[in-house]
Each structure stands twice: as structure tokens, then as C-alpha cells.
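Below: one structure, written as C-alpha cells.
Order of writing sets the chain letters: A, B, C and D. Residues in each chain are counted from 1.
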Amino acid sequence: MPDFTPTEMMTIAAARALSNEDVCFVGIGAPSAACNVARLTHAPDVTLIYESGTIGTAPDVLPLSIGDGELCETAVATVSVPEMFRYWLQGGRISIGFLGAAQLDRFGNINTTVIGDYNKPKVRLPGGGGAPEIATSCQEVYITMKQSTRGMVEKIDFFTSFGHGEGGNDRERLGITTKGPTLLITDLAVWKPDPVTKEFTVVSMHPGVTREQVQETCGWKVRFADNVEETPPPTELELKTLRDLQARTEKAHGGKKEA
Amino acid sequence: MAKFQSLKEAVAENLRDGDTVAFEGFTHLIPHAAAHEVIRQGRKDLTLIRMTPDIIYDQMIGMGLAKKVIFSYAGNPGVGLLRRMRDAIENGWPRAIETVEHSHAAMANAYEAGAAGLPCAVFRGYRGAGLKEVNPAIKSVTCPFTGEELAAVPAHRPDVTFIHAQKANRRGDVLVEGIIGVQKEAVLAAKRAIVTVEEIVDDFEGLHPNLCVLPHWTITSIVHVPGGAHPSYTHGYYDRDNAAYLEWDKISADRDLFTQWMKDNVLAVGSEAFAARVKGM
Amino acid sequence: MAKFQSLKEAVAENLRDGDTVAFEGFTHLIPHAAAHEVIRQGRKDLTLIRMTPDIIYDQMIGMGLAKKVIFSYAGNPGVGLLRRMRDAIENGWPRAIETVEHSHAAMANAYEAGAAGLPCAVFRGYRGAGLKEVNPAIKSVTCPFTGEELAAVPAHRPDVTFIHAQKANRRGDVLVEGIIGVQKEAVLAAKRAIVTVEEIVDDFEGLHPNLCVLPHWTITSIVHVPGGAHPSYTHGYYDRDNAAYLEWDKISADRDLFTQWMKDNVLAVGSEAFAARVKGM
Amino acid sequence: MPDFTPTEMMTIAAARALSNEDVCFVGIGAPSAACNVARLTHAPDVTLIYESGTIGTAPDVLPLSIGDGELCETAVATVSVPEMFRYWLQGGRISIGFLGAAQLDRFGNINTTVIGDYNKPKVRLPGGGGAPEIATSCQEVYITMKQSTRGMVEKIDFFTSFGHGEGGNDRERLGITTKGPTLLITDLAVWKPDPVTKEFTVVSMHPGVTREQVQETCGWKVRFADNVEETPPPTELELKTLRDLQARTEKAHGGKKEA
């Protein structure tokens, strides 16, 4: 088993959740790395869409923004941003939306807007961007984030995007027909919502991770599935693909001025 | 009908204190040179519309030009937070600003509705989202056929829109290529539109018929500013200066450092400085 | 995911009696070969959606396939009236048809709303127009910001959309160029989409990024039918057969002449006949 | 003065109403000929838009349909039909909309839908196409048609598109802010709406035309302006431009099969 970091494990576990048939709406950071590792390993035909309007893109390095030039150069087509949000996202064409979170609760509700009160924020975060509609228009939502008690909280300060509300059939009650968050991949574990309560439940822990570590880094009382599996460690190919991608990215984004 | 003029003239003639103004470009083609000219001319009390305020509005907000910002993602893309915008919101420095916050979908639809001459945009959005509770500009309409409640937001109708584009021809038609964002919509939604371009060519002979071309009669003013998007990029001309985006995180972290940087790089120079900034990019 | 198959297979697998179906192409790229295959397979009780019914629906209506037509301009462009459609409306021959009539703006918006996954389209239309009184599918919503009453029509959501396009690549992505009409919207609004193409190429290498390309995962079936738009045209391949449009006025003026023409030119031949029809055009 | 037909006079009079600054939404038939004669004579910079999505087009021959290939080949840009109707027409970008009519009343209301009852038509006409919104979204509407008592009627059978309703401020009452029909050009005369009543009034008669002829071919009692002028006859250049255009068109549309 090769050495790997928890973040690498998180990215690779997320990559594995994607298939050739998926059409993914990709955010920046971890989701982008995961989607491109999938594309470069087991899912060469996965369709990656960035909200800048680039459809079916295949960048050689990870973009720094969701609108880097390479996304357009390698895309099947690049459409306007209104079209992206109307025809492709709202039109129900996206199977998987990837979201990150500053704060997350056990029902997959996400806050990336403010810490503290909205009108007098302690910290003004970037806000939702595409997230409010990604969360409800994609057929499913996958969430990736590193675990911390600051991030995984009992109660989020602001509902940037809706997951399962207070659980159960809260989505249906709002008339939302998509599945919402069906997968949470952290640096320690893989979580899935309980079929009835919709509370995220640990179904797999990454190699060497203990239940105590998962609980210590999570702000709510963690539920574990009856049979918690061990996440298969990264393969040599997965790890090499991710590291090569990151090395290419590092080199490209160092900026030509410094070069 | 498009006038060809200097950036100084174009800004002086078209943008007034108190105007509502959009500077668009979705990561690509952000009209930085135009924003710097506005800062130099010291416009006040602007209402700034932009999906992703980005460095461009961080600078304008930090220089105290804005009284209100209408936006959907206030981050430094791939880097982190917008520190000048945060300072204005959290601490009122250099002045307090009002914020009207939307989702990307709402902002894109609001530009689309503005271009389409409609008073509001109707879309499926904000379901379960907290912005509905804090932004009174988010309302709803009911589909008269299915009874579904759909989100409605006011159309964007800026007094002035600024964009940066690859090319204009001598008639004043403008070509935008690559990640075209909401630029066409932002121009068509506006009362006046100012376009900075990398290049002015004789004609567009041989261009594919389905590209994003804005006819000259939709544009107020065209200005030749090579490099005018830096540190954003212009597809076909120069790449994004990612290092500058990373550097901005440091500059903007400190009020004095920011102020000095703006003096040196914006107030003390003209728009002709942009060409040098993209050399070799 | 797009399947490559014969027109016979594509129609047999995807279109059922009673379906709602759109054949789009605004003057350009009208999918005539596909319509002829549907006529040969004798589908019944179809609801036909199309902005301009044109010769293509005149033929389908005259052959008795349609129970309902949703449209906005029932003319033979530049020539006159659609005589088979008139005969069905005025005299019920060969069967009575129901008509749902809109303006172009309403039809275009209804496709747009279908592609956008909305239940209805909202636009400024039908003010003072008589269609509001005779078409119960025209309703209104009120702008929650200005109080303006806007028109609303149900989104088009066909079971099947047929279009004709220039090219597919081997992955099944489709390129539409020139007068692109409402084809992208009609495909994205539909449950299943069948595309006939002039040509299948290895890949789209070198194509401009902003063209109208439909990714393979939006298409159900791709069929190679050179000449498949005749007597309409395919930009870059062959011109409009204006003489055939003029000739149609005579053929369609008489029930017997029409019936005989359809036997000879549609029922007795296959889609491979189209290639010869555009030779030298 | 060269010889000319009433139809030629009509087309040329319509052409003269256009200027370089106009953005015209062009229908087929007479309006298309008029717009292109304007472009080929005194208004080379006039912008012609056809509803097929072709913006700023400059065809060498007249199209048979509004979607002929040459419109696209010579256009500044070709956009989708939804965009055409949303951004360009509804967006208020068109200064002049040209309309023809099967039936017209004195207030510029047009019928191209049915003769007789809508549900049991005597004649089913093509319908409105773009007309209902052209009539209300363009800044002004110019109407061209040949005079006949069948066409210019006291009461139209169907309101395909709205002109001035029953006159006066009927448009304002419906919340319509555009001017509506401001010009009617027939084969016999030029008409403008009365500033107050909005009834079409003859302001100019074509050379050789009498008041009796105008009245005989019109189904309502015709009002004449206090000073009815004589339409200047076609110039040599205007006539040559129109005839050359029509000759080129005839040749092109004869169809290559017959050639």
C-alpha cells in the first residue's frame, strides 16, 4: 500500500463515485480534482461541466477558477452562462452536482455564506454562487470536505443550499423532486444518508481511521452503519494520476511571471 | 451607434455618480482597465452589479466608490475571500456598503431578462435556500398551468455595462469568443455599453455566422485597450495571470498595503499600462 | 447516449401512436426524410408541434397522421397557403384536426421553457391580439415587482423531436450551423431526440468553441441521411429547392394529385432517395 | 418620368421611409423588396433583421422564405429564434417592423389568420407568425399592401395583430408603449394616422392616382389630409435598383433543376 495523505484519499474516494455515464457539475478545489482523476482513470467518458459554460471539458491541469481558458479549449462546446443555468442545470441534464461546504449539518444542508448573523456577520464568506440551484436541480449531490468541528456542525448559521432540511421527506414537502445529497466524502470517511431519516451515516472509513477520530472532528453525534467497511486504499494508478495532475497544475499556476 | 474614443472620454461621457453599473466577464475578459479608469475619475455612490465581484470590485469597493453591490459569489476564485469587500461589509471601511445577494442562477436569469426587455426573470430556484429570507428582491410567481411556485427576481437594467472583448471592426461590431459568460446579456440589458477591445480590425470577413457578435448599434463606445482584462485573460491573446490573483490575497489583506498598491498601480498610471502587463503571458 | 442506426429503426423504436412530436428547422434543415419515414410507418393520432408547419406537416396532415397541430404560421413560405392543412381544417379531409395556434414569439419561448425545464414560458406578448380569445393555453402572470401582466404559455415538452443537422462525430455529438432556429431548444425539451445528418466525421477537432453543438448524451438516435432536408436546405451542403416549394402549391391543390405524389415519392421509396434529390443543388 | 407599375411605386415609396439609422424587422414579399431597395440606394447602413435569426443581413437576391441561406451568409450574426424574439424584438432593439395584411382596418389592425369565424373559417390563412409581437414590440410599424375592398375593410374578421384598436389612446390603455402603425403604403397612396383619432389618412397620392380610385379600392370612407401631396415618382436609380434586384431574384429562384 503506497503512502497517501487523508486529502488524497478523500479526492480518490470521490473520484471512484463517478462513472462514464455521469454528467457532473464541477466546483473548484477538491471536486475538480476528483472529477478529473475519475476522467483520467476509470471513467474516461464522464462529462464534466463547469458553470462558466464549458460542457464536456477535459483540462490537462486543474483550473484555478471555474473559467480558466483550458476548460474552454478542451470543451465539446462553450455556452453562455444564462444558457448553462437554464438549459443544462435547471433543464435537469446534470446527474451529479459536486459541492463543498464551509459549514455542513448532518442532513447535508450547506453554509458558505456567513459565519454569525447574516446582517452582522462575524465572517463574510463568498456566498452560494451556483450552489442553491445545484443542490436542487442536479439529480444527486455529492459533498466533499475535510472534517472539523468548525465545519461539521449541529446547526449551520445560514442555509446557502438545501440538503435534506430537517430530514425525512423535507425535500418532497418543498416540491423538490431530485435526490439531494446522497454521498459525503471526507478526509476520514464515506457517508451516506439513512434511507428514512436522511441523516448522514458513516458507511466506510478510510484505512487506519478510527471511529474516535471521525467523532472528534465532527460537531454532531456520529451515526455509524451496522457494517462499516474500510475504504480501499488508493491504487498506485489513482495516486500517480492525482499527483501528476497536481504537479502539472502547480507548474502551470505558478504564473509565468515567476517562471 | 458605437463611437471610437479614449477610455477617459468614454467613462467621462457615460458614467455618472450614483449610476447602476455592471462590469461583466465570467473569470474570462474581466474589464479591469475600465474599472481602473473609473477609479481614477473618482465616481461615487455606484451600485455595482456583478455575478462574481472578484478583484475588480474588491478594488472599487476598497477605494470607496460603491454604495451597494448586487452579486452572487464574492470570492477570489481559487484563492479565497475578497478581503476589501469583507472589510466594507464587516467593518464599514472605507465606507459601509449595502449588499443584495443572489445565486448565480438568479443573476444570470436577471441579465437574461434585462436583455429580453422583461421586468423580471422567472426560474426554478432558491428552493429551501436562506437568501429568500434576507433578500426582499426574491419573490415568486405561480405557473398558471401547473400551480408550481417559481422564483422571480427583478431584471438587471444597468445604466452602464462595461465589458472587454477580443475584437471590434471599423463599423463598431464587437466579437466575444471563448467563455462568453453573460456579456451579451449585460450589454443588451444596459442603457449604455462601453467595450474595451484587444484589437480593432477592418472587418469580420470569414467569421462563422453563429458566433457572439454584438452589432455596432448596441454599443455606445469602443476603446482600444490591449491587455485591458489583466490579470483576467483574453482567449486568443494572453493567459490568466494566476500569480496576480494569489498576490492579491496579500495586497488586499492590509489597508495600507492596498492603498499604496492602488496609488502606484492605478492612480499614478493610465490604461496604456495594461499592454505591458500581459507581455509574454 | 446516442445510438447510430437506420431511420427505420430510429422511428420504430422511438415514435408511438398518439405521441406529441416536433420536427423543427426554421426554413433551414427541415427534417423531411424523417417525416417521410414516419409516414411510411403509418403512425397515427400524432400531436404535431412546429412553428411553421410548412410542406412537411402539409404532407403528414394530408396523409392523416395528425390529430392536432400546435403552430404559429401555416404558410408555404414565399408561395402561399398550405392546402392540405387548409383542407383538413376547413373540410376535415382526410380527417378533422384540432389546432392550437400561437405567435412565433410564444412558440419560441415555449421551446425555450421546455429546454429550461420550466412548466411555462413567460414573455411580453399577445397584447391586443385575438389568439388570446381563441386559445385557452394562453394565460398570464403578473410581475411581482412592477405589476405588469405578462403572457404565459405551457412549455413544449415533446415525446420526440426530430431535427436534421450538418454533422455528427463518432461519439454522437451533433453540429448545427447557419440558421439554427429552435433546434437546440426542441432537442433539449424532448424526451427523445432523433437527428438525421448529412455526414458523420471522426471528430470535431478545430471547431470554434461557441458553435451550436449538442453533446451525444442529449441525443437518442443519429441517422446518416445525406440530402435528408430536401426540399429545405443544409447550409454548406446544398441550397433550398425553391422550385419544389412552388411545385408543391400545385401538387397539394388537388387531393388525388397529392395522394398519387405521396405514393410515388414517399411510400414507394426509402430515405436513400434523398441523396439523389440534392445532387447538383 | 420613367414608366412604372403601382406595385413598383408602392415598394419604392416604402423604401424611402427607411434611413441608415433604422433597424428593420423584415417580413417576406413587398417589405423585403422595399428594405433591400433602401439598402441598395439611399440607406446603405440600414440594418435588416429577418425573424429566422439573421441580423444585419445584405442579400444579393430577395429571399423566397425568411430563412434562405443567403440571409445567413451575408449577416453580421445569426442567432437562435428564441434569442431573436427575446433579446432583439421583445428587447426593444427594433425601430421599424414591416407588416403586410390580408385584411386591414382604418386603425391599422391586421388580420392574416382567418376569413370568417375562427372556429369554422371560410378561408384558413397562414396566421400571425411574428406579427402579434412585431406590432407591439417594434418602436413603429409600417404596413404595405395593395388596395382592395376585400383587403381594406370596415371590420376585420380577426385581430391577428393590434394597431390602434378603435383609435385614440387604445394602445396606451393596454399598456403598450410603442407607437404602432405610423405609416401605410399602398399601391395608390401613402397614409398616416391622424394624431388624435389614429385613423389612417391619405397624405400623399402616387402620380396619376385620383381620390376616386383610392376610395373605390377601400372598404371604409377614406379621409384625406388637408394637403394631399403627390408622391414623387420613382427615380431612374430607384427603379433600376428594384428591377435589377427582382431580375436577380427571378433567376436565382427559378430553381436549379429547371436551369
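We adopt the following convention: a contact is a pair of C-beta atoms (placed from the backbone, for glycine too) under 8 Å apart; a residue touches a chain by one contact, two chains touch by 3 or more.
By chain, with names taken from UniProt: A, D = Glutaconate CoA-transferase subunit B; B, C = Glutaconate CoA-transferase subunit A.
All figures in this text were calculated on a predicted structure; none of them were measured in a lab.
Identification of common neighbours of subunit A and subunit B yields C. Counting C-beta pairs in contact across B-D and across C-D shows that the higher total falls to C-D.
Between subunit B and subunit D, the centres computed from C-alpha atoms are 40 Å apart. Here the spacing of subunit A and subunit D, counted between their Cα centres, is 57 Å. Subunit C and subunit D have Cα centroids lying 28 Å from one another. Shown for subunit D are the residues that touch two or more other chains, namely 72, 78-79, 86, 90, 137. In subunit C, the residues touching two or more other chains are 112, 116-118, 123-124, 148, 178, 180, 184-185, 209-212. Under the stated contact rule, the graph of chain-to-chain touches falls outside the line, ring, star and complete shapes.
Within the complex, the subunit B residues that touch subunit A are 26-28, 51-52, 71-75, 77-79, 81-82, 85-86, 89-90, 101, 103-105, 108-109, 111-112, 123-131, 134, 148-149, 178-182, 184-185, 212, 233, 235, 239-246, 280-281. Chain contact summary for the complex, subunit A toward subunit C: residues 21, 23, 47, 55-56, 72-73, 75-79, 86-87, 90-93, 137. If you check the complex, the residues on subunit C that touch subunit A are 1, 112, 115-118, 173, 184-185, 188, 204, 209-213, 215, 217-218.
Subunit A makes touch with subunit B in their complex at residues 28-29, 51-54, 63-69, 71-72, 78-82, 84-86, 89-90, 113, 118-119, 121-133, 135-137, 158-162, 165, 170-171, 174-176, 252-258.
If you check the complex, the residues on subunit B that touch subunit C are 116-120, 122-124, 137, 139-146, 148, 150, 152, 154, 177-178, 180, 208-212.
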